[in-house]
């Protein structure tokens, strides 16, 4: 591909040769002839003249640099697009394996890639260009949207809806029962049957070995464009807002509502039925015990405003010093009192 | 079903029409003609006259309400029972798939539901009315009790015992090796072979993608009625007591003993070989580093009494203020000393 | 096996009968005739004369004890070796199941144990004496080294390299996409395609239901002898050093470098791109937000030196007392000031 074309596709301005050829993206250290790379921070910009790359994506033009630059306000975004343009392979259907097991009344779309060892239940609707890797199990009455990919050993329980262009990585379980029990007179746990479903909207991506429970009544919902990392727990009746990203090992208790465009870091946990406003940032390991406002940045156990938490955290590490100062003050004040008592 | 019959089955007192028909349970907002619902808190009780439900489960009679009430001291328990009565489907065996692979010497019970793609090892005993979903793998010499359900892609390693009426959700692994290594003279980790088993007693339910390790010597045991949420780690030789409930992403290190009727919240972790007394409550994210007494409620990292932790936690958020007050005091005392020195 | 032979194999000194027969290892409480056991701490040493074991492994000779002793400086290591000597079964190939599905150009080694329901992609290289349990899925162009065991329902994505004598427990996913997204102008998340691989070197052991992501560019690497417990997240481009052990539910963000011989406890989390020096110890639930020096022992959220954290932690639990003392001091000083004002 020539640079002028790449620039157009990644929405960057080209400073340099329009007809130079590029064929792949490489990290800064490795990029050479025919490669595009990224110089996103000061460290790389200082060393930009060392690069052998045919083109470098930057966020502003670089004085004195003679090579080809692709200038985009958000250089990392342009880089992500360049990788997609040069490395994403067109979908090629492999067809439907003779080994597939499909239940009655199930409707299969066109141009599928269904690998061996796939099991699909009854009255399922599978869209066009869907990929089901080996070991995938899809329960009765599920809908799987066009262009969706379920990786190996994914389990979808009955009655779930998966949108279009969704990717679910290996081992993830969608639609298991929510965790609802009530102790009876003898302390035995009586199950609250889980009658709801899971709905995963278009363009979501879900990592490996996650668990997304079905609703008790009503549905657990992942809105359009949600991105989940690995080993994430989504409890029953959670709703995760559009374009929200969640890092590994986070867990949302039943009924948690997360707004759109939130950033949830690793190992965060939430209490049941809390609401997180749009655009909030929950930093790593935070324990969310009450509602979080839109745009807030929170940290701690339980969560508080990030900056307030940071101040407390710094003082936490100074507690031994504070304790010493307190003790010294007590001694001094004691001496003062004794001195004043002697006088009087 | 008529209300009089439902009242009897859920152990509630009926105030209203014995012969009114109900067919399903619905949440308060959606309940209409033919539905049973729950009004469990003050908010719903205030709006009770708005409800179109045919019957409402409450914990005490409601003055002035003319509709049908089902009064039960524990309304949520009665609600759980009502869902089960009206929505639980009778078990219908689907038989044994021709696609199953079963090892030599294995004994299959009656009225089974064994789906395709199931693999069962040698000398296994499968009880009656057992359900094995696609992708289930059962190792040699396991016992699976009557009426037990293993969901899709569950793995049971060799020599494990699963009781009756147990439910194990998709992707969970039972009987993997416990994590035991000893470094040798060169720092290489030498494995402590894990010779024990896993025993899961009757009426346990285990969520999706959990990992329950076999014992080193002796067994890892889940006692009758234990309920585990998703993504939970049970280390080798743990013993979890009867009717204890554990929320998602909790992890028990090797040799942890948990009493009966405990409540373990999400992301809790325990040090090896600690004991948790009966009826203890471990709040979310708590780090258990030493034994916990029966009935205790603990929180924090490391765990301490919940109320003491709460007091410290409130003061933690006030550390900046405390630091300011300490500094001001030091200044005042310094001034006092100087003043008194001047005088003398 | 006679004791003299066992002593030689576990590198212990025998005090006692060379020709006594032993056939198994048992824990102290259960060991009897023909058994070897361990008395590793003072509690067991006090009761050593009660033991019916044929031989007891200890770290130093025991005055007055008349039974057979196996003395090794590191008794626990000798014990691990004794278990292996007496209980490890020789590998017996079961052959290749007729039910296996293998892609074109794949090369299978000798003396394999490939169970039914295994799916292997194209151009894969499977070494000798490899065990693939039911439900294993191996992607295109992977290499699986000699003597490696993949337990049931393990998924290996395309282009991954697994070394020799590696054990991967059930449900683990190797080679899923790293978690890399950049928001575009509309807040939609654009994927950073993940072009790298996973390399797992010789003698690693990985627990159940872990998730090990492929690199973005370049590889995610587990060095020789790494041991992972269950439910562990390894982000893209992490590198875990030789002989490092990691406990359950720990998570490493993208680009984390962990040195050799480290001990990482349960539920630890790391920020992206941090480095952990050789031999460091990260205690349970620690949040690693910056680099950790070789040999350091750290704790807390965020991590600090363990001993400093411990001091702060003790004072944290005394915050209510400190607050009271501060308040009392303020009152006393106030009184002093008033008294001195009255005088003057």
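Each chain carries a letter (A, B and C) given by its place in the written order, and its residues are counted from 1.
Following the convention adopted for this analysis, a residue touches a chain if its C-beta (ideal position, glycine included) is under 8 Å from a C-beta of that chain, and two chains touch if they have at least 3 such contacts.
Every value quoted in this text rests on a predicted model; they were computed, and no experiment measured them.
Asks: Indicate the lowest number of steps between chain A and chain C, counting one step per move to a touching chain.
Replies: So the least number of steps between the two chains is 1.
Asks: When chain B touches chain C, do the two copies use mostly the same residue numbers, with over half shared, or different ones?
Replies: different
Asks: Suppose each chain is reduced to the average of its Cα coordinates; what separation in Å results between chain B and chain C?
Replies: Spacing between the chain centres: roughly 26 Å.
Asks: Residues touching two or more other chains, restricted to chain A: which are they?
Replies: 117, 135, 153, 171, 209, 231, 249, 267, 285, 301, 316, 318, 322, 326, 329, 333, 336, 340
Asks: Quick check: in the complex, which residue numbers of chain A touch chain B?
Replies: Touching chain B: residues 101, 117, 119, 135, 137, 153, 155, 157, 171-173, 176-177, 179-185, 187-193, 195, 209-211, 213, 217-218, 231, 233, 235, 249, 251, 253, 267, 269, 271, 285, 287, 289, 301-302, 304, 308-309, 311-312, 315-316, 318, 322, 325-326, 329, 332-333, 336, 339-340 of chain A.
Asks: Tell me, which parts of chain A touch chain C in their complex?
Replies: Going by the criterion above, the answer is residues 25-27, 30, 74, 76-77, 79-81, 83-84, 87-88, 99, 115-117, 133-135, 151-153, 167, 169-171, 203, 205, 207-209, 225, 227, 229-231, 242-243, 245, 247-249, 260-261, 266-267, 284-285, 301, 313, 316-320, 322-323, 326, 329-330, 333, 336-337, 340.
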